[in-house]
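Each of the next two complexes has subunit A plus one more chain, namely subunit B in the first and subunit C in the second.
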Partner chain A sequence: MSESLLELRNVSIRYRTGRGHVSAVEDVSLQVPTGASIGLVGESGSGKSTLALALMRLLPQNAEVTGEMIFAGENLVTKTESQLSKGWRWRKLAMVFQKSLAAMSPVHRIGQQMEDVLTIHEPHLTKPEREQRLHDVLTSVRLPNRVLRAYPFELSGGMMQRSMIALGLLCNPPFLIFDEATTALDVITQTQILKEIERLKAEYNLTTIVISHDVGVINAVTDTVAVLYAGQLMEVAPRETFFSNPQHPYSQALISSVPRLRGEKTRLAGIPGSLPDLTNPPQGCRFAPRCPHATEGCLAVTPPLVEVAPGHLVRCTDIPLREVVA
Partner chain B sequence: MSEAPLIVADELQCLFTVRRGPVEFIRGKASRIHAVDTVSFTLERAEILALVGESGCGKSTVGRMLVKMEEPTAGALTFAGETVNALSGARLKEFRRRAQMIFQNPFEAFDPRLTIGTSLQQAMQIHNIGKDQHDRLQRIVTVMERSGLTPAEDFLSRYPHELSGGQSQRIATVRVMLLSPEFVVADEPVSMLDVSVRADILNQLLDLRDELDMGIVFITHDLAVARYIADRIAVMYLGMFVEVGPAEEILANPRHPYSQALLSNTLPAGDEDRITEPMPIGGEVPTPVDIQPGCRFANRCPFAFDRCFKETPILQAHGGKTEVACHLLG
Partner chain C sequence: MGRYISRQLASIIPTILLSIVINFMLLHAAPGDPARVLAGKDNPSEEQIAAIRAELGLDRSLPVQFFSYVRELLQGNMGQSLSFKQPVFDLIMSRMPATLLLTVTSAILALAIGTLLGVAAAQRAGTVKDAALSFGNYALFAMPGFWLGLILMVIFSSKLGWLPTAGMRTVRADYTGWRDVLDVMQHMILPVATLTLVQVPIYFRITRASVIQERQQDYMTTFRATGMPPTHTFRRYALRNALLPTITVFGLGFGFVFTGAALVEIVFAWPGIGRLTLDAVFRRDYPLLLGVYLILAIAVSIAVMLTDIVYALLDPRIRLR
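Presenting the complex of A and B:
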């Protein structure tokens, strides 16, 4: 296994609010090897986007991050704002946001906005070099050059999403986060964009984190799946294992509450209840109040994340501890 | 009277007029968007029909016409034997109770300044359901608790912004149930919800159908959801039905190239779901302005030939119960 480009060590994120501290992400440790594609899956409010924004260090002022986020040997948590804007954001880590239309300025042309990114982050480039770069990056996401002269509202959803991906690739970063990048798109466009992502990953040798609540998307573009629930990592597994043999009750419920295209039609189960109040998270396993297999022990102590097979980690007391790797 | 099908849509058409630019404005020349073009179908009681298609294909417009929120430009709509176009006065009000709609965005379905209790009571008051306020509250509480919203009293005093998406959508469904309608249009009711809540809302609709013999038109872009909930599926493209038939038949063997494209591009939630490679389809759904004759899918269809650009195909059965509008099938 190649070395990790990114390693999260005991990352916790809390928001200070008027009602107290909201524990949005709790003790997440995760290895992202170079060239990997990690899928972060979970319901809304599970902390997926908070974690992504923390990596970009774009969290609002009232957020507190503890733990370490080691990216290429350096800790992102302790970087200052000026260090981050010189040579980190866009250059090393970039992000493709969900609402592409809201992520761009509505009153500037797309070309102008892209060029601004280059002017700020790569000031050594000359004007013709910048134009060349814009042209190259648009070609690689298969957009015509006229997009540069367009305003965001003039483009369709698919084209906007491609522009956002182009923007993410602009400074040629080794690491790219896709936060629900295809959620608002129609099925055919979505498949096209996911294919592009696959191709670009190879072309740019990208390491990616793909955030989605849709297990179909996760299935299409990731090699490892990390399940987040109420800020806790519940299961980390290779993609095939996650879909064929999910171990955590929450992962099982997530997969089985999606209607299928084939096979026998059975009544969908869903997951009763809702996310716990994170200003006052339950003791023990955060999924326990909704878990069909929960025992009293689950409500008392947080189970550790245990490696049940190589590369397969599960946080559940109910798992028979098979082949525990120390 | 109960012999008549619940809904008969006969060549419904809905055109929107757009004026483009000052020159056209002065000359009074207008372009027309063919949002829905000659859609015909029947819906029986206790039947669920799913309208499937990409955004902009006119599926919501069909839904809105069915509950008389949009007037068809041409065509006739019959509801339980009555012509809907001509309804007025008391009969129209009665229709408004019998035909309900559930919207995609549950946060916009309630007045933000009214508590949930007030909103629910208003709906009943307008249709003279329940003897007095006490009786109405009683009914609301019963229905809410049956839908898993417990304790119901807790929700009644809340405002819409204090609810999660799943809760709001469940309450929207409760509001519909309180009026005991015979027909419901559900416009993407689960697309904004988490998967864990989705299953609940879908099951709730299936139960309603079973209990009240309700006919449902379910609008969705997700074929897997359509398969789960519907008896029949109608695939729409640019305002027309391109394929209509039993849900299982369409999923097992889509005949229209667009249905094939849609199905093969739907992301499988597990490897056993995937059977074919995604069919590559170029371009995006165009806006149906000033439509020319010919198949509307022709310019994106990988199998299109001369005839497709000249002659509009009509829906017809080619063996089996499924009707397809495609020249490839003869």
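Presenting the complex of A and C:
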């Protein structure tokens, strides 16, 4: 593995609420090598977006982050708000948000908002230089210049998503997070955007984290898959391994819950049950109550994340015992 | 934008026509007889009353009266006041400046103060200062304008003697030039303060709620993520979005300001439309009342239209759709 651009060390995130603490992310350790593309997959409420917001340090006041998030040698957790604004946010880490239609001010032109962001980070640029940069990023996401004069409501979902990607690329950051960036789009537009993401990663030398509940999206644009369930990493594996040989029962269930278009018709498997209550997480393995292979032992002890092969980590007690389902 | 404005203008006409019909109907449905009032209190005979009625055309059927009224209106004639024996239009126009002075000044002051307080409270949402501001505004909101006016009058005129009690000018002083302007301003303070205070809570509440809501919008997270300084994001983006509802309220509120002003004018003996309306009601002066209602309907319609135009200028979603 090449050197890590980002390394998460034992990151836990708790929300203080009126009903007690909600443990949204627990003890997540993850390496993101330079140039890598990590797919973070899990169902709604698994802690994916919390983790992404934590990386940008955008969590609400009632969130507590422990552990370390080392980015290019520096710990993001201990940075102050003013340090983050000067030189970190958007210069080094940028993000493409979900719900792109609401992600910009509805009463200001897109170009105006993008130019405003650029001026804050690169105040020395002249007006023509700024216009050139806006033109460049728009060209990168294949949008015409007229988008700059448009208001968000005048664009289609796909165009708005492209604009948000352009905004993310504006200051040429080495690291970009896509948080459910294609979720609100129809399948055709989604495919187009995913292709653009693949291309842009090479064009801009990006290291990325792609967050999605959709394993299809993860399959299209990542090289490593990390599965999050109830705030815990359940499995981390290279993409090919993950899709051909998933080890964790939850990973297997996620993959088989996607309908296949080609090949034999199989029963579409859902995952019965729902996420545990995170104000009071269950003892033992958090997936055990929904796991088809669970034993009494699973409910008693939280299994550790074990490396079963190089770069392949699994949090399950009976990996060697169970027959692997392809 | 041109099309938007002409559409707005066109929509005013039916509104005003409808208000003419309703005003006329309401007035004639109300109890009272102008002929009897005009005839005086000295036990006039039925013949005398009938003669007055015939002279004023009140003996004709309602539809006939209505159409003759509308015909006169179309020729630019609002009729003659029964009690003042003057053209209605001239009467109203002689009183209008005094009323506009109160309403416009207080509406602008209330907009400015209410909005500023609302923003201040929203930025401190959940703190003691926010609670104190909200409490104060609810208390003000619960006070009727005429009552508040009386209280202010008791404190600042009667007890402290700082300000004149009533009227628009010092009687028999006959000031001219700057001295006159100062005199009017001094007389304005209490009625304007009263009208402003009753309007402030409206702007306060809408602004506070709107700013709090706007701060939770997704675009605020986006801008925070981009490293934009929070004060910059707030001033340039959140505020602009949050103030849109305030503008709508300003236009709609203008109608209520006239109503509120009428009562406050009466309390402070301010020689405006409010006083005039009250006199017209007591004297059953139908032409004058109809005139006042018509002018108010036109004024409010224009205020609402101007608001809609300003709103469209500030919100592209209205302008471009």
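One rule holds for everything that comes next: the second predicted complex is superposed on the first by the 320 of 326 C-alpha atoms of A that agree within 3 Å, B and C clash if a C-alpha of one lies under 4 Å from a C-alpha of the other, contacts with A are read in each partner's own complex, and residues count from 1 in each chain.
The working rule: a residue touches a chain if its C-beta (ideal position, glycine included) is under 8 Å from a C-beta of that chain, and two chains touch if they have at least 3 such contacts.
Keep in mind it's a predicted model, so treat the numbers as computed, not measured.
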**Message:** Quick check on the subunit A-based superposition: subunit B and subunit C, clash or fit?
**Reply:** fit
**Message:** Per the contact definition in the header, classify A:Gln190: touching subunit B only (first), subunit C only (second), both, or neither.
**Reply:** first
**Request:** Please work out whether A:His121 is in contact with subunit B alone, subunit C alone, both, or neither, and reply first, second, both or neither.
**Result:** second
**Message:** Contact-wise, after the overlay, does A:Ile271 reach subunit B, subunit C, both or neither (first, second, both, neither)?
**Reply:** first
**Request:** May I ask for the angle at the C-alpha centre of subunit A between those of subunit B and subunit C, rounded to a multiple of 10 degrees?
**Result:** 70
**Asked** Counting only touches as set out at the top, which of subunit B and subunit C does A:Leu58 meet: first, second, both, neither?
**Response** second
**Item:** Partner contacting more residues of subunit A (subunit B vs subunit C)
**Value:** B
**Fill in**
Rounded to whole Å, the nearest C-alpha atoms of subunit B and subunit C in the superposition sit apart by 6
**Request:** Mind listing the subunit C positions that touch subunit A in their complex?
**Result:** 217-219, 221-229, 232, 236-237, 240-241, 244, 314-317, 320
**Prompt:** Which part of subunit A faces subunit B closely enough to touch in the complex?
**Reply:** 43-44, 156-158, 186-192, 194-195, 213-217, 219-220, 240, 243-244, 253-255, 257-263, 265, 267-272, 274
**Fill in**
Counting only contacts in the complex, subunit B reaches subunit A at residues 54-55, 148, 164-167, 194-200, 202-203, 221-225, 227-228, 251, 261-263, 265-273, 275, 278, 280-281, 284-285
**Asked** Along subunit A, where are the residues that touch subunit C in the complex?
**Response** 56, 58, 84-86, 88-91, 94-95, 97, 99, 102-108, 113, 116-117, 120-121, 151, 153-154, 167
